[in-house]
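Mind having a look at this structure? Questions to follow.
So that you can tell them apart, the chains are marked A, B, C and D in the order they are listed, and the count of residues begins at 1 in each.
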Amino acid sequence: ADTMKIGITQNNVGVDSYQTTYEKAFIAAAEANPDIETVVLDAGGDVARQIAQMEDLIQQEVDSIIIWPTNGEAVIPAVRKAHNADIPVIVTNSNIAEQGFDFVASFSGPDNITQGSRSAEIMCDKFKASGIEDEARIVQISGQPGYTTAIERAKGFEDRLPEVCPNVTLVETQPGDWNREKSQKVMEAFLVKYDDIDGVYSGDDNMGVGALNAAKAAGRDGIIFVGATNFSVGYEAMERGEYWGSIYQSPVDDAEAALQTAVDVLSGKDVPFLNYFDTPKITQDNMGEFDKPVF
Amino acid sequence: MAPGTLSTFLKRGAIWGFILFELVFFTIAGEFLSLSDKAFMDLDNMLLLFKQSAPIGIIAMGMTIIMINGNIDLSVGAIYAISAIVLLGSMTWPMFAGLGDWVIPLSWALALLTGAMLGALNGLIVWKTGVDAFIVTLGSMLGYRGLVFMYNGEQPTSHLNWTLVDFAEAQFLGLHTPTWFLLAATAAIWFLMNRTVHGRNAYAIGNNREAAVNAGIRVGPHMMINFVIIGFLAALSAVVFYSESGSVNPNDGELYELWVITAVVLGGTKLTGGAGSILSTFGGVLAIQLLRKGLAHIGADTSTVNLVIGLILVAVLFLDRQLNIKGKEELRL
Amino acid sequence: MSEQTPALRLEGIVKTFPGVRALDNVSFSVMPGEVHALMGENGAGKSTLMKVLGGIHQPDAGQIIVGEQPVVMALPLEAKAKGIVFIHQELSLAGELSVAENIYLGELPRKRLGLVDWATLYAQTDAILERLKVGFDARTRVGDLSIANQQMVEIARALTVDAKAVIFDEPTASLTDAEKVVLFDVIASLQAQGVGIIYISHRMEEIFKITDRISVLRDGQFRGTLKTAETTEEDVTQLMIGRKLDLSRAASDHELGDVALEVRDLSCGKLFNDASFTVRYGEVVGFYGLIGAGRTEIAETLFGLRDPSGGHILLDGQETRIQSPADAISKGISLVPEDRKEQGLVLGMNCRDNMTLPQVDDLKAGPFVAEGAEIAIFDQYRDKLDIRTPGWRQIVGNLSGGNQQKIVIGKWLSMRPKVLIVDEPTRGIDVGSKSEIHNLIRELAAQGYAVIVISSEMPEVLHVSDRIIAMYGGRITRTFGADEVTEDSLIQAISGISHAAEPQPQAS
Amino acid sequence: MIGFTVANERFLDPDNVMGVIRSSAILGVMALGVTFVVISGNLDLSVGSMMSFSTIVVLDLHDKIGPALAIPAMFAMTLCLGALIGFLVGYLRLNSLIVTLGMLSAIHGLTLTYSGGKNMDIADKEGTWFGVFGQGDAMGIPIPILLFVLLAALLGAVLSKTPFGRKVYAVGGNGVAATFSGIRRARLVFCCYLISSFCVATAGLIQASRSLGSQNTVGQGLELEVLAAVILGGASLMGGAGTIFKTVIGVLILGFIQNGLLLVGLQFYVQYVVTWIIIILAVWLDIAAKRGKLWSPIA
């Protein structure tokens, strides 16, 4: 068969190691397959640039486009253009809005809402185990304002928590911008402000570890830290027993799933429209089952 | 011909030389590195180049006059986002419900008005308080961004109107709608700066503010007008872009100020004010978009793109400097 | 004249700045068709008074009467509207704009829709430039003009409106004799049109040539008005500085030492060619020439600011290359530059810091700057040069023009160089201080310094120099000894018509 | 300030005040260097990205060659970057805004290449003494504060008392006149960028030591905050004005605003708006006091 030319436009590669690892894994997976050639682009978080990249990929007549949307709705017209040019589009990591489903071949990625719910469950289970499920007070450090992933995780968490632990109060939420240092500052202020914090939920482990550092520096023990996207720092903190749990999500799986979906679509296989890969809970109890994350 | 337009055009030729270099380089490199069978200089690709330059380019025109005037505006990215929110948000407001597609011009007007007013607010503060524009707009970059988030929290504001999308994607005489707006903005601003009293006074103010004051030029209103114009253009850029894309994230437009300023300075406008040319800014905008496109064309990865963009900026400056050296007789300062 | 109403009248004007009472109850008036000189030492308050008149400063007390009406002018714009045109002491131009736009700055002719009426603008400008007999046209970028020509642009502004009164604040400070003639013609024609003219200058010969009356300010106070025809230089000076001037040439005859500086066939591109001359210890060499003659460029080359394209520089008989000003300073060369605002001073810095700037590296106590030593230097030269300032902490930008110039001179004198080059040293300096500076230059020579004086004022060159080098078009045309020089031969030498033997400079 | 105290009584709690100063230390140290650059009439927008670089490099080298060697190695590498910028701006006379903007991007690329895009963490966090710079105490004062204060005192003295400092003001105030006064402008600007990069390296050290692990974007966006602090302190973008002391004030104002707003617990976007208002009011009142008039005299 001819080689397949697959273009990908990622959201914002430089911003965290998840996305960088994703990019590397994607390139590695593509190189491993002699039938695939790829153009790997990064939108740098800018919708306008991403749309321009879509147009460029269409103009370069690639066979398929994978997009990690910077904005699940803004890219729909660009996706439609690809669709009209008979280029199948695969959405990766975070989905586009429903209006655009008609123009998309498949979505491949994690389910961020479910991730948020699962974090709530991890946190609640731990409170129950410690017997404080009726009085616990928690704070949330969310991801960068405006990012779908940040929004969905927060939503999943906030919706699920009252269902499983109705008496736990979420006292305040502030964004940590996916940034460990920023999150540490936010947590420092929380610690000054609230004498009683039993749990911290952060949108990813990077921020979670920042919060953990703040708590350690202030000498506040006994706080339950739960995150998402288990980074290696988070994994290590769990090994040390300082950090309770997270969601295991591998950018390598994410990247390989997206590429495989594209290949499947191009070779005419039937693929499910929503192609979630599993992102299980990871806590100090079961972490032995998981490899340490590479990022 | 307005004074010096042609000669400054030639003197600031570095940017056009650089564009030429980019074209040649990416064409040749593309032969070896690109996956695509299409040439880099393919007509469609060049048409896309203009279209894709529009969001930054339209704002850059406003930034040029602000900088010629001796000020700077760091809040354009935030104004861009607010205007986009007003544009898309207002289309779904219940009070406009019965209007059908007539809501479009209304929303456009509202968005443009918003931009102009936010610009006016900046201008008014700069004028009346005497605080440096850098600080005022650094502040409003943050403050306006706060307003963006107030409208819809962290949620994107969306309204996909296919009539609008079709209009924005249309091509007239081969050029895309955004290209037309970019060209119109460029022409209008060129005319303003080279043909009108306001434009010439703006140059004088940026060049030697004391002299302008002594000559009886009212500095405040001129600055204010320019801030209104850049606000308007930031909104116009948003209107053009979001008509097509239909959804705005609250952090859209972040870092636009830096890209815009880069384009303007690449075009030879002085940060200290008083000198600058609209056409060269146009060149600066094209050069940046060409660079992004070219690097994508040859498939450079993220770290390379960052590295190369940075080094190229420095290289262009260096080239420009070499071109402008008057010779060995020059004073060594 | 006396029964007419004055074009302009000032009554009891008071203006204070922090630490300075710049104007203290000043009253005077200007008749239509009169050229009225305003004189006073540096810092006496002349510019301040005119700025009050021009709407740039607001008086603390007193009133301004134009025609019959008392007026309040909150803005320069309003002064202009009242027919008061102000030609500034410091150039007030936008260098990036064209000559025409600068002349009509703030009042560009308009068409509909706020468009500039370029045709009218250029036509009017060309007419004005015609009258001024200058060699540039309306479309030239002002930044490309020499200082003298920029000054002419400034002067051209006086001709743009139907003025009631025109204020010239030291217009000739950076003009050479050729342009002065033109300026005086302009003033005469304004006078003929019945415009009242206020003329500020430190040059007595001009004052006596063109003015009708002279008003004198001293330390911000009005000292009286004299009829020019009925007074003498001595009287005016007496009124200004409160004593008589000693104009005799001090300490002129002393032994000359060895050759300090020798320049052989020095060239720099098209700026100047094959310049050869020597300066001996104890000698003052004057450079005289028209604008663009290349005197400044030679000085800049000697100071390491330009790369010579050929020739040799010998200091104490040793051939040297001067790489940079720092290098020049370390080799004992100092330059008092011609443009004090751009080249001489950091306007936002205080007086002391400006004065000690070139030697701040040497004034150390441990790792720090020795403030005591600095203040000592400042005090020494403040007294020596009679610098008027409330104290060393004053920001230089707030000093009067002449006092700024003195700071620059003090800065380089305090370096105690071997070779001191002064470029237009007395530009904007009052008569008293001027003769002090002349004496100082002579004194320095007597102490054994080698001094080069570049000046566009013939009396000055004649007064201070042991030898005079005349330049024309980038070439040295002739060298005069103090005894052989006459005004006529000097004028011939600088206009390229002297000495058939000298090679004629190529037109460039 | 009063508002914050009323809104949350813990604002003036010594622990909180100490905390704010400590977390401002990183920003503050960088601002010290940028003050030199700004006074000399230039800009430095690369400090954030350079700080990420320093942090990543020292963390990486920590495990490879040990902290004792890693620290000087990181300083050397950061100073090289500073020297490069200094060369471009000082000797080649390129526009500093664009050069440093370009370097912002280029150094980010360099960092990504260096780290392979991964987070960088010290493997044995318990067993290293490296944490002392960010977490340690000396005589009850946190080391970051101590470093900040020492560096501020040192650089403050350099700027206000030494010939070098005097020349920085001169070059920023009027570069041409400074050259005419025999100041080697290129060398001086070069030195300012070296100082700036030294400060950045120190900030990177504190940052790395504080969290013993970090990400490629740790310094992202700090350049504007640093600049805001410097300007808030009264330095002029035109050069020639500003002091280290005022910069420290600017840093603290910014730090306390951020902390105060967090303590009040406003929505983050309300914080944005309030920060905007406070910054403009602060600068406005400052210059209004200087000119003795509330409204600007601009016609």
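One rule holds in what follows: contacts are C-beta pairs under 8 Å (C-beta built on N, C-alpha and C of every residue); 3 or more make two chains touch, one makes a residue touch a chain.
Worth saying up front: this structure is predicted, and the values here are computed from it rather than measured.
Peer 1: Would you kindly count the fewest steps from subunit C to subunit D, each step being a jump to a chain that touches the current one?
Peer 2: Between subunit C and subunit D, the shortest chain-hopping route counts 1.
Peer 1: Report back the single chain whose CA centre is most distant from the CA centre of subunit A.
Peer 2: Here the answer is chain C, farthest from subunit A.
Peer 1: For which pair of chains is the number of C-beta contacts greatest?
Peer 2: If you count contacting C-beta pairs, the leading pair is B-D.
Peer 1: Whole-Å distance, subunit B centre to subunit C centre, using C-alpha means?
Peer 2: 44
Peer 1: Distance-wise, how many Å sit between the C-alpha centres of subunit A and subunit B, to the nearest whole number?
Peer 2: Distance between chain centres, rounded to whole Å: 33 Å.
Peer 1: Would you mind pulling out the distance in Å between where the CA atoms of subunit A average out and where those of subunit C do?
Peer 2: Each chain reduced to its C-alpha mean, subunit A and subunit C end up 71 Å apart.
Peer 1: Subunit D: which residues touch two or more other chains?
Peer 2: Only 108, 112, 117, 176, 179, 268-269, 299 qualify.
Peer 1: Which parts of subunit B, given as residue numbers and ranges, touch two or more other chains?
Peer 2: Residues 149, 213, 218, 302-303, 305-306, 333.
Peer 1: Multi-chain contacts in subunit C: which residues touch at least two other chains?
Peer 2: 75, 77, 305, 324 - these are the residues of subunit C that touch more than one other chain.
Peer 1: Which chains are in touch, pair by pair?
Peer 2: A-B, A-D, B-C, B-D, C-D
Peer 1: Which residues of subunit A touch subunit D in their complex?
Peer 2: On the subunit A side, the touching residues are 13-17, 19-21, 23-24, 145, 172, 174-175, 178-181, 184-186, 188-190, 192-193, 206, 209-210, 213, 217, 231-233, 236, 294-295.
Peer 1: Residue numbers of subunit D touching subunit B in their complex, please.
Peer 2: Touching subunit B: residues 45, 88, 92-95, 97-99, 101-110, 112-113, 117, 175-176, 179, 185, 224, 227-228, 231-232, 236-238, 267-273, 275-277, 279-280, 283-284, 287-288, 291, 295-299 of subunit D.
Peer 1: Subunit A touches which residues of subunit D in the complex?
Peer 2: 8, 10, 13, 15-16, 19, 23, 26, 108, 112, 116-119, 121, 125, 135, 207, 210-211, 213-218, 220, 258-259, 262-263, 265, 268-269
Peer 1: Quick one: which bits of subunit B touch subunit D in the complex? Just the residue numbers, please.
Peer 2: Counting only subunit B, the residues touching subunit D are 74, 125, 127-132, 134-136, 138-140, 142-150, 213, 218-220, 223, 258, 261-262, 265-266, 271-272, 302-314, 317-318, 321, 333.
Peer 1: Which residues of subunit C touch subunit B in their complex?
Peer 2: 54, 56, 75-81, 86, 88, 92-98, 100-101, 105-108, 110, 113-116, 118, 139, 141, 268-271, 300, 304-307, 309, 324
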